[in-house]
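Across the two complexes that follow, chain A remains constant while its partner is chain B and subsequently chain C.
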Partner chain A sequence: MNTDAILSFEEAMEKYDPVLGFEVHVELNTKTKMFSSAPNVFGDEPNTNVNEVDLGMPGVLPVVNKAAIESSIKIGLALNCKIAESCRFARKNYFYPDTPKNFQTSQYDEPIAYDGYLDIELSDGTVFRVEIERAHMEEDAGKLTHMGGATGRIQGADFSLVDYNRAGVPLVEIVTKPIEGAGSRAPELAKAYVAAVREIVKNLGVSDAKMERGNVRCDANVSLRPHGRERFGIRSETKNVNSLRAVEHAVRYEIQRHAAVLDSGEPVIQETRHWHEDTRTTTSGRAKSDADDYRYFPEPDLVPVVPSREWVEELRATLPEPPAARRKRLQADWGYSDLEFRDVVNAGVMDEIEETIAAGASASVARKWWMGEIVGRAKNADVDPGQLGVQPATIVELARMVEEGKINNKMASEVLDGVLAGEGTPADIVEKRGLAVVSDDGPLLEAIDAALAAQPDVADKIRGGKVQAIGAIVGGVMKATRGQADAARVRELILEKLGVTV
Partner chain B sequence: MTDNNELIRLSAADLAEKLAAGEVTSVEVTQAYLDRIAAVDGGERGVNAFLHVNAEEALAVAAEVDATRAAGGAEAEALHVLAGVPVAVKDLIVTVGQPTTAGSKILEGWHSPYDATVVERLRAAKMPILGKTNLDEFAMGSSTEHSAYGPTRNPWDLDRIPGGSGGGSAAAVAAFEAPLALGTDTGGSIRQPGAVTGTVGVKPTYGSVSRYGAIAMASSLDQIGPVSRTVLDSALLHQVIGGHDPHDSTSLPDPLADLVAAAKTGNVEGLRIGIIKELHGEGYQAGVENRFNDALELLKEAGAQIVEVSCPNFQYALGAYYLIMPSEASSNLAKFDGVRYGLRVLPEDGPMTIERVMGATRAAGFGDEVKRRIILGTYALSAGYYDAYYGSAQKVRTLVQRDFEAAFTVADVLISPTAPTTAFRLGEKLDDPLAMYLNDVATIPANLAGVPGLSLPGGLADEDGLPVGIQLLAPAREDARLYRVGAVLEALLEAKWGGPLLAQAPDLIAGVAGSASSVVEPVETLEAQEAK
Partner chain C sequence: MAAINRDDVAHLARLAHIEMSAQELDRMAGELAVIVDSVKSVSEAAGDDVPATSHPIPLSNVFREDVVGHTFTAEQALSGAPDSLEFRFKVPAILDEA
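So, the complex of A and B:
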């Protein structure tokens, strides 16, 4: 178990200045893989989306996927990068069974996009510029599953299974320059940066951008230096931090851990760290040093990628509206106040609300559901709201049921719990849990008769024209039907019964 | 029907003509070659050109061609000119339905799930594939002695090497076990075996024949090409396998020139033929030098203009080659790790970790020459050494390319001996890698520059009576020039010899132990092959 000492975040901030750096891997959603014609599909039976190229069979050769280059250029442009006039792939040589050729084909010293930036808006509206060093193309590795151990990690496992479906899936790796000056907002900036990258690639349509599926994966580099010192401290690299909340937490934790190490007078070890969502801590991975020798050399099986300037400009012209502009537009379309909209953005449910509205909900209903119901549940479950798996159609359905008076808001919330628990569709749950608003007038009329008989004085008042007194009778009926009656219908029936027209 | 002994000695072009005229069937031709293989290839002192004989499939394809031809009509008309003409394939090139070993234990018994592009094209042309030919392991060698399946013997002298790495393809063609074969040439593996076996071999322009399905040794140097007994036959086969392939990114988009027409041009008048000063003279066997001079004389008489060119950076080519080739090979051969296919060897004791299984597999599966080159290449690519070794070698490569460019401003075609010596004895250079490497000194520059090269028989060396090869080199994409000049020189030489050089080769049947009879019944042959 993890026994690293940590300092409180506040104390760490008093003493040290954090410097961050991110490597975000984006899996492209091209139809086929980076260098082969095998399908690029997530979640299929292991080792079915592979051909001889993906398996590194003798004699095979790679062919670059043009769609992947196009997506990479779009990402580069959206990150305000320059697009290389000519760039090459290289081989990164290392023996590991998830890499079928025992080398990864990756861009090395000639990335397709370089020298860009991204302006990140923090929760209070402050804009922080993150410099992008490069965005380069590479292929993903296969997926190893370690079997027999208690932890699912390689240590203690009896054997490992490998699935090459992911081998060769196109990736774009976006590398920032060192990010200085974020101070105590470093964890928040980390989360906002990754969120912004995810938003961009989703908006471009080049990636499914689902962090829970590993479409967007973040390696977070953290180092500390005493205030006022220019030279960077020694960094750690926390691998595969795969949710926005985790990015924030991991950066925060590493700052606290580094501070404790530095305080103790020990040197920080340059190493990779593993993030543990359960304990919200990191543990030491592999020591990383300059001695790692991947023996890079230019990939001789591929010719240079030479995107013509015309093509680049064509792609630039087709870029969708940038996220910041999109946010302005959406706020106007939806009619949210500044505060409402910022809450939505900070809660990370803007895309979800947009999808919900697209599915047929009104802007206010969508906001009510996401902000009022789902965000709270996500917080309790300790996941990002989008990860709960709420479908826009579900919300539209629930809202419709409430509007039609089939269920009330309280019930709708309960139905949502049922949907999230996997009990079926909203209609199924209403049925199974017997939640339907009682709309059969028979039982209602009985309850109304009983309520009127119980409070004859109130009944007289209503007959006499004091219609506002009806609340006491309605309340009685609702109580008798355990809240399942449609209050509006109850009111109508009472008035009818008493012969009062309003 | 032609006598089998005559049939197997016909050129592919003549066979094609006889097949088209209905004078002989493809089944008869294919069976004649299978019989020849059965007669001379196996046994203690057999040629050992074949690692696998594909009799059943070859005969089935032959029968299909015969049936199509017999039926006549549009389909018969549409048959490729080489339809029904058998061919052998170097065992570095993957084939469905036959094992592919690359001459290595590490791939013993492996069957490829896909066909190389060149094999697809052979199949599309309906050429029966006789089998897979022997080679130095992963094409690493100049003698075929580094095959894990025993050396191939030179049909001219069974105690000598047939060259390498494609000794199997060259020997098969020289021993009349096949009319045509495919080879691969990374530093001379088609041309040098051609030279020492008295056959023709062509390394096409880099990118003009797809490499998809050729097990890579050095990707930037490897090229598949034809092996045959005549220049025209190589042109015919080159025409089948060449042309753009979307599976190979380095494949040239240009349409293939009419190489067959080039081979039939019939004159060299006015062509400027450049002698490369650095590729003859010192270090070259006297008999080789003499035959080279004879060839120059004949070309001059035929109206070619002989000029001398200097390529000063060629002296560094061998050194650069032995850095670039092993560097790429060290990476290309990393995939042979026992995880997905091929040999898997478990460590004898200790923990059964992936690193140790990979290590044990590679230790047991690779031969010494392969290990030597992997170690060399790994070292050359290492951090701190990369610039001095791989980087410098790439600079030399550029200089060699510039030497060629300069030479081709004054000459249309360059000429040199293909190899500095005739075939050496089996075992003679096995313990001296540097001496072995020197055999490729004249062939390597073409691979470094990507230009095409052709080797054709230049006669027999005075001192040992063994074949000498003449190499022709042309600018990239100008393969046609090689066929034009090669065919003319071949015709002049054959006129001088009174027939093909191979007619002077010893009768193998008498030399092969256990093959007393030259007449082998087809049925017995097939069984013998099964048992092999």
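So, the complex of A and C:
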């Protein structure tokens, strides 16, 4: 279905300079909607979280949700924006069944937050500043399901079904200024920018920030211009790119597509594109035309929002540490190398490690357990590491038992399996499974004698000073004791027995 | 005289999904121009010391606490719908307007 020519990304980069722009919509997690007291809940039965305001019935009046204003101001502050002294809502007029009022209540000429920036760290540590034009408040639309037709897409549908549960859910739309100078890193920057916005709103606690549920949605604008030219090219806007990976792919694809259009001597058409995850391509939506003449005008049913400076400062004081600053602080506190820390972040266990350390584990023990034991188990179970339900206290207890010599690392790993299987506390499992390091030297000495007798040549080497050969004897003892011996103690006893001091 | 011609009116009518005859377009073009001029005369009365406003009442920050109130049942919500299916409003398939 897609016949658009594309250039290779490398060739596109040789010839053209990309300019990006993003509109990211963030659904707030307030208890109620932006202008009505109906619940803001995902996944309920259709058309049950609605009242007369959400359905746009005649004569109803909207009332602004104070918590949504506070969340919006927090987002503005976290994006280093100025908060408007006064702002107002506006009506954006269009006819589409997802909007029962035939207009969306939004902000137009007076957004609540403007002129901000976000410093985005790329994978190699390069910091790229993205300028924020504005963050404005608006309401979400209802959900349309296209029925009939072959694909479930709008093309060829026989009719559509509308659920207005989402209509009126508070949104903050974050709009960047044109992003220039990213060059071949544009796709990576796109992904990193959306990831950073998502992380910020999650960290602020103002959104559930689940992209798969549409809590964070991205429209990506891409245009190309020949190197050295200042004037921007004509842009396309790819709608609803709803995963971080898709953001990267969509920007990359649009760069390649634009380059092929420009190479053919044709102008790029200013239009909406739809992203298709299955083919990793975009297709043409509609051209920008009269349909974009929204005839905005000030919403007469809502009075201006005038956030006092005291209120703004109160909210600023509640802001959590920004995610990037927190990462820097934690890495320094924990003493992890850049590589170790990046692995921890990529594995998604930074919060878990922080909690484990707070519960009393050392930084290295916490990392060993999460990265060495739990991440692998989570991968096998196909869940996030945090979802396995490992309690920080469990890790602290396991680490303590190892340190005290009650169990060894291998047994501790087995005990963790028991905890995850719901068999009880680590102490219970050690008891039940009869796991304990053999600490009585008697049986150990017997096993050592046997191991030395079995490998007399190794014993001679150790006597002769080649202490590193001891591994073979320790291994023999561990095997004989089915892994229950304390390897460090075994080593001591062997050296003692052979009269070697190190 | 404000410049509102027949094409402007036809454009607005299309955006507003209002069907207008050629005769109505002609008449409306003339009438709208007069209306806009009349409204404009307000600005002659307001001096430089009167700021522009979109709201006549000096009121701001009218908020509601974030507390869940009443909702409709799906049956109630759909009671006025011309057509419905599976507790959802049924509407004709509408393609993006090109």
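Just so we're on the same page, the second predicted complex is superposed on the first by the 332 of 502 C-alpha atoms of A that agree within 3 Å, B and C clash if a C-alpha of one lies under 4 Å from a C-alpha of the other, contacts with A are read in each partner's own complex, and residues count from 1 in each chain.
Please note the rule applied: contacts are C-beta pairs under 8 Å (C-beta built on N, C-alpha and C of every residue); 3 or more make two chains touch, one makes a residue touch a chain.
Since the structure is predicted, the reported quantities are computational estimates derived from the model, not experimental observations.
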| item | value |
| --- | --- |
| First (chain B), second (chain C), both or neither touched by A:A38 | second |
| Which of chain B and chain C A:R295 touches, first, second, both or neither | both |
| Greater residue coverage of chain A in the superposed arrangement, chain B or chain C | C |
| First (chain B), second (chain C), both or neither touched by A:R91 | first |
| First (chain B), second (chain C), both or neither touched by A:R245 | neither |
| Partner chain(s) touched by A:T145 [first = chain B, second = chain C, both, neither] | second |
| Which of chain B and chain C A:F103 touches, first, second, both or neither | first |
| Partner chain in contact with A:V60 - chain B first, chain C second, else both or neither | first |
| Shared chain A contacts, counted only where both chain B and chain C touch the same residue | 52, 55, 63-64, 93, 95, 97, 160, 162, 293, 295, 300, 302-303 |
| List of chain A residues in touch with chain B within their complex | 52, 55-64, 91, 93, 95, 97, 100-103, 160, 162, 293, 295-297, 300-303 |
| Contact footprint of chain A on chain C as seen in their complex | 11, 14-17, 54-55, 57, 59-74, 77-78, 85-98 |
| Parts of chain B lying in touch with chain A, wherever the complex brings them together | 93-94, 100, 102, 107, 110, 112-114, 116, 211-216, 218-220, 246-250, 327-328, 330-331, 334-337, 339-341, 354-355, 358, 378, 381-383, 386, 390 |
| For the chain A and chain C complex, residues of the former touching the latter | 30-32, 36-39, 45-52, 55, 63-69, 86, 88, 93, 95-97, 145-146, 148-149, 154-155, 157-164, 272, 285-287, 289-291, 293, 295, 298, 300, 302-306 |
